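Worksheet for the structure shown next.
Think of it as A, B, C and D in the order they're written, each chain with its own count starting at 1.
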Amino acid sequence: MNAIKKGLKSALSWPAHRFAQLLTAERTALVTALLVTVLASAYQVAAPASGLAILCTLGAALALSYAGIKPWLRVVLMTFLLLGVLPYAGTLNPGVSSLMIQMFIYIALALGLNLVVGFAGLLDLGYIAFFAGGAYVYSIFASSQAAKFLPWFAANAPQGLGGWWFWAALPLALLVAAFMGIALGLPVMRMRGDYLAIVTLGFGEVIQVIARNLDTPINITGGAPGIAPIQAPTLFGMDMGQPTSLYYIGLVFVVLTAIAMYRIEHSRVGRALAAMREDDIAARAMGVPLVKMKLLAFATGASFSGGMGMLFAVKQHFINPDTFGFMESIGILAMIILGGLGSIRGVIVGAAAVTLLRFQFLPDLSALSANWGLPSAIDLTKYQPLIFGLILIVMMIYRQDGLIPATRRKENIAALEGPLPVPAGGTGTSVAK
Amino acid sequence: MKRLLGALLSLSMILVIAGCGSASSNPCDNSGGKLIKVKIASITPLSGGQASLGTAIANGAKIAVLDRKAELEKAGFSLGCAPLDDQADPIIGGNMGSRAVGDKEVVGVVGTLNSGVAKTIAPLFKAPSLVMVSPANTAIVLTQSGYGSYNRIVASDAFQGAGAARATKDTVKAKSVYVLHDKTEYGQGFAVEYVKEAKKISLLVANGEGEGINPKDTDFSALITKIIASKADAIFYGGIYDTASLIFKQADEQGYKGYFVGGDGLDDPTIVKNSGNAANRVFYTSVADNVYGSEAGKSFVARYKKQNGPNDPPTYAVYGYDCAQVIIEALLSYGKQNPGKTPTREDISKLVRATKGFKGLAGEVSFDANGDNPVAKVYLFQVKDSKYPGVALGAIQ
Amino acid sequence: MALLELENVQTSYGAIRALKGISLTVEQGEIVTLIGSNGAGKSTTLKTISGLLRPSAGEIRLGGQRIDQLPPHRVTELGIGHVPEGRRIFPRLTVAENLEMGAYTLSEKNAVADGIERSFKLFPRLRERAKQLGGTLSGGEQQMLAMARTLMMKPKILMMDEPSMGLAPILVEQIFEIIAQLNQTGVTILLVEQNALKALDVAHRGYVIQTGEIALDGPAAALRADPSVRLAYLGEI
Amino acid sequence: MEEGLRILPQILISGLVIGFLYAVVALGYTMVYGVLEFINFAHSEIFMFGAFIGFEVLMFLQKTSLLTTLPMVISLILTMLAAMIFSGALGWTVERLAYRPLRGAPRLVPLISAIGVSFFLQDAARIIWEALRGNWQLAVPPLYTGVLTMGPWQVAGAPLQLQVPYGAIVIMVSGLIMMFSLIWFVNKTKVGKAMRAVAQDRSTAALMGVNVDRIISTTFVIGGALGGAAGSLFAIRYTSITPYIGFILGVKAFTAAVFGGIGNLAGAVIGGLLLGIFEALGTAYLGPLTHGALKGPEYKDIFAFLILILVLVFKPAGLLGRTVGEKV
């Protein structure tokens, strides 16, 4: 038992950036960075659909973000990988683009949830509800759905508004999701952490039930069958619905989200959130308007989720209530916990890793085993909830800060709620070491 | 996580290497000689809750590839298969659809099991004209949305729902019916069509447009009290056998004396095992007659077992088989007309759509302009003596 | 051999070293007081003795037996009674139930009934309040209950953390009278107090603790006379 | 409306039955919450395991044909006992492995771990019973299947008859027994008092000589056993189980616990009963009241969450509870 514990501990305690130290000495750094970029690109182009290739390319991008080279070169090389190599591989096999869009969606979602959980310390288990909000706002008017309850649409746009609607709907989706965030936030703001978690869970379920049942008396959401087909966005007359072109929209969304998160973290608001997370009484004493800040975090996080919901609807051409279940909320939570609560880079890596695992490696494995008639017992896809569960437990026990902890404060998660007022008497060891 | 990934990767590598070693026994391999390499992909759940159905479809398709291998080689094709796992999840399904598009050897796709997954995949196949033949989708919208290369061999909800409604009036002899569904794509779609037809043939629906329930619920006693008060002669349930049997059983316990009607979602031994005394009052429609009863069916079962182990295949296996056969027929007819040429996806898609009167194991297949199979049949079954499967009462017109 | 011995005890909260090496002894039958300013480490010392905190170095011995690695309930079983700072009455247990909890470690049949009777004799106020919830008592009553509760376990040594804190002067007088009284019935007492004057009045010996270290020690009277103690802790010039 | 009123008594009975099930599960949540101020998210899965163990026992009894020869009460007790022992042990194990290492960590840390445990156990059950029985959706051998029929009485000129399944009576009776024995245990026994002391002030309880770890373990064992008992009752009443029966029931039971005042045993039961009755009334009357616009059975699952939100906003202490978060 102890050996296992030790093994786990050491396996999980590698510092993420140690291997990147290779890249810190200026000249070797330059050579290695170029080499990594070239090798990854070559592999990616040679075997576009291979999960391993995508892993290498993304790994290279991560390594470059640590590399001790000139910042402009870093940006150029990463841009080359993300705007050159991956989209090109996507034209060779749209499966790559499809996977990457999904990854972008999850990264942005995880970043948004990280704002709420990691920065503000509010555990939200119903985060997917905002995502659903954005998806529905877009889909209802980008399909024949609107015509089912609005006479104007039936007369003028029976198949929906068309590709331009995506761009017009974007601010609307952000607003609707932000509004949902506030609507949920207002009643729960004064609740304690675990109550908040349960109520947000309930909120997620309620939104799902409403989406499922709002086909009567007026058919607004399409009910359980959902909405399909959903029109794709157009940009200057180009169809952006296929994975190869949608890739760019996704990338733009993610980059904007990441920049926004970085700015928020280092802004007055970010500091206020951090103060609130560590000690809300002290924060209030220092003049941080708690309710306003919490609502701001909720609304902002929600609006990111809503925006990505639109992209999701476009990618899927179809949405239904089942897609927005509790499991998805937990999946996103698992991503940020795996990556490192409060750490932007960590959250991105966590989301990417979970997406790769769930959408590439596990289905590959089960297809392989179906192909070769291997016993289905070794099929790891089957164990997905088990693996998620284990990730949560093991990370909590052995590495609460995630794979790439936030640099600003190492004991980030420890600050979620502040320590219990009374040290654990029974164990006696928990406070003094 | 990296370690875990590493372990996963090395595991998959080992599997790949192990795979290459025994390449000859794999029906999905198409590496033979100078023939034109083509593949039929299947997109079904190979893992997760519905894996047994999805695997059956994939395996059925595989048997078809094996069965016609020699014939195809003569026509100049080396046909392989590519089973893809959608986990019954539209998100993963969309991914798999894109991967099927990306594999240039894939000329046709068998799938999907779930209508929701098909709604995500069909638009992806429209531009590359990749043909898709579904053994199981019943959502009406799929053939009404101009997806182009989408076809299915089973009857849609409209057909099944109407059939079930007529059976309720004519065979069950009910005057009024209480309509329930499980608020899923399948159950609700079915129930909506059922109600539509019921209104046409003046079968009274006791609760207006029908009501949804939560299939995760277990206690329906309050609802049943309401049903009994409505004095309906029959309860129709659009949904799956597990919840259906709970409702039927509890209704019986509370003293409901009427009949129970449902669709192919009830076609499972569980409906008999879990419904208690209610079982012998259950009628269900199904798109499949007892296919494994025939000689050809028995021979299929034997081949299936040889390839996939000792368990009897679920009915869906033969549907997967028929879907793949439809695509193979198109390939062969292309080969006949254009010997030595590599078919484009569009060619195959057109040829599949032109299928007329193909005699499949599970029934006849023709496609209309939308990709629906107008000759698909619906059969009515009744459970007797608490035995599964029920007694076939014949096809519904 | 002293009843309680601390030898070079060090305790940390995370990176902060609260005790930098405390050594002290308490003899059978004594009242020893530990005085010092806020945050000097007085409460930490008591918590370390009773096992609520685990020392990173040093030894604690009770009657010669090492207790510094034991969990708090074991330390209690061995005979150290700790009346925590702020009374820490169980607010939603009745007064009687609070007292019963004090006798948790005793297994004799009549221990609870006898103990409660003794407590009521010592603190007649508690008898009137026996059925009331602990949280409804006044500060002084709570302090009495806290002492009575710990006395239920018949400790070899009674450690009290700031028993006079937040009490009206007249109650403070009472509390110290009771401490003296208890000591006369043979109870050994380790007393932590901010009210150094009172503490040194009642104690036999004293230790002055300063930022985690013992700065001075000696007989209570000597400490009272020490000019630096007078300046720092007794408010005299 | 005449017709609607006529079915009211039967609807109330339905509500009471499901309410008792919520109540029994809620007792487990409230126990653990009372002592640790921690939502044992995995309790619903411990409940689910109880149902599966109950299933296995009943299968065994059926195979050995003891099911027909033994008196039903003995079968019932055997089934419940096995489920309680197993689920108690499971509760202990979960606490030991997934919660204890996190004692003293911020509140959200064990909560996240508990969510992980919940997923883990759910999937583990699926894997285990797929391996054991080839299927994770199981039909439980029948034990109490009959129905108690009362009446008919002539009420307002028409016959009125009431029906209660025996399985439901078993749930109600066991629920009451469990509640009263639990209240007795917590208030009158030494361990029960120690539990309350630990709940109120852990380190002071330790200073009284209470082995806090052991008391917390005991709490989880009792909570687990309660969950197991509830699970086996569920299996007996509904005769069809899957690994997923726990989640929604768990959330509702937790709602019931909060509704009644979390930490308060009687409150959990009252909250459960009220929630069950609300749901039954909603199922039956929401449709007629809204003239068919909202269908009762479709929206009834929202009630639990609406109640939860309303209670937490307007009366966080619940019906019988004390102010949450009070710590002296």
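Some points to look at:
Rule of thumb we're sticking to: contacts are C-beta pairs under 8 Å (C-beta built on N, C-alpha and C of every residue); 3 or more make two chains touch, one makes a residue touch a chain.
This structure is a prediction, so every number in the text was calculated from the model and none was measured.
Across the two interfaces under comparison, C-D and B-D, the one joined by more C-beta contacts turns out to be B-D.
For chain D, the chain with the farthest CA centroid is C. In terms of their C-alpha centroids, the spacing between chain C and chain D amounts to 44 Å. Between the Cα centres of chain B and chain C there is a gap of 76 Å. Averaging C-alpha coordinates per chain places the centre of chain B 38 Å away from that of chain D. Chain A and chain B have centres, each the mean of its CA atoms, that are 33 Å apart. Residues of chain A found to touch two or more other chains are 212-213, 216, 382, 384, 391, 423, 425-428, 431.
Looking at chain D, one finds that residues 201, 203-207, 211-213, 247, 292, 295, 298, 301 touch two or more other chains. Those residues of chain B in touch with two or more other chains are numbered 183, 212. By the touch criterion given at the top, residues 11, 14, 48-49, 51-52, 55, 92-99, 102, 212-213, 216, 223-226, 228-229, 241-243, 315-318, 320, 322-323, 338, 350, 353, 356-359, 361-374, 376, 379-382, 384, 391, 403 of chain A touch chain B in their complex. Of all residues in chain D, only 38-39, 98, 100-113, 115-124, 127, 131, 201-207, 211-213, 215-216, 247, 251, 254-255, 258, 292-295, 298-299, 301-302, 304-306, 308-309, 312-313, 316, 324-325, 327 touch chain A in the complex they form. Residues 121, 123, 125, 187-188, 191-195, 197-199, 201-203, 205-206, 209-210, 212-213, 216-217, 326, 330, 333, 337, 377, 382-386, 388-393, 396-397, 400, 413-428, 430-431 of chain A are the ones that touch chain D when the two sit in their complex.
Against chain B, in their complex, chain D makes its touches with residues 3, 6-7, 10-11, 13-15, 17-18, 21, 137, 139, 142, 145, 147, 149, 161, 163, 165, 234, 238-240, 242, 244-245, 247-249, 279-281, 283-284, 287, 292, 295-298, 300-301. Residue ranges on chain C touching chain D, taken from their complex, read 50-52, 71-73, 76-77, 81-82, 84, 88-93, 97, 100-102, 104-105, 135, 149-150, 153.
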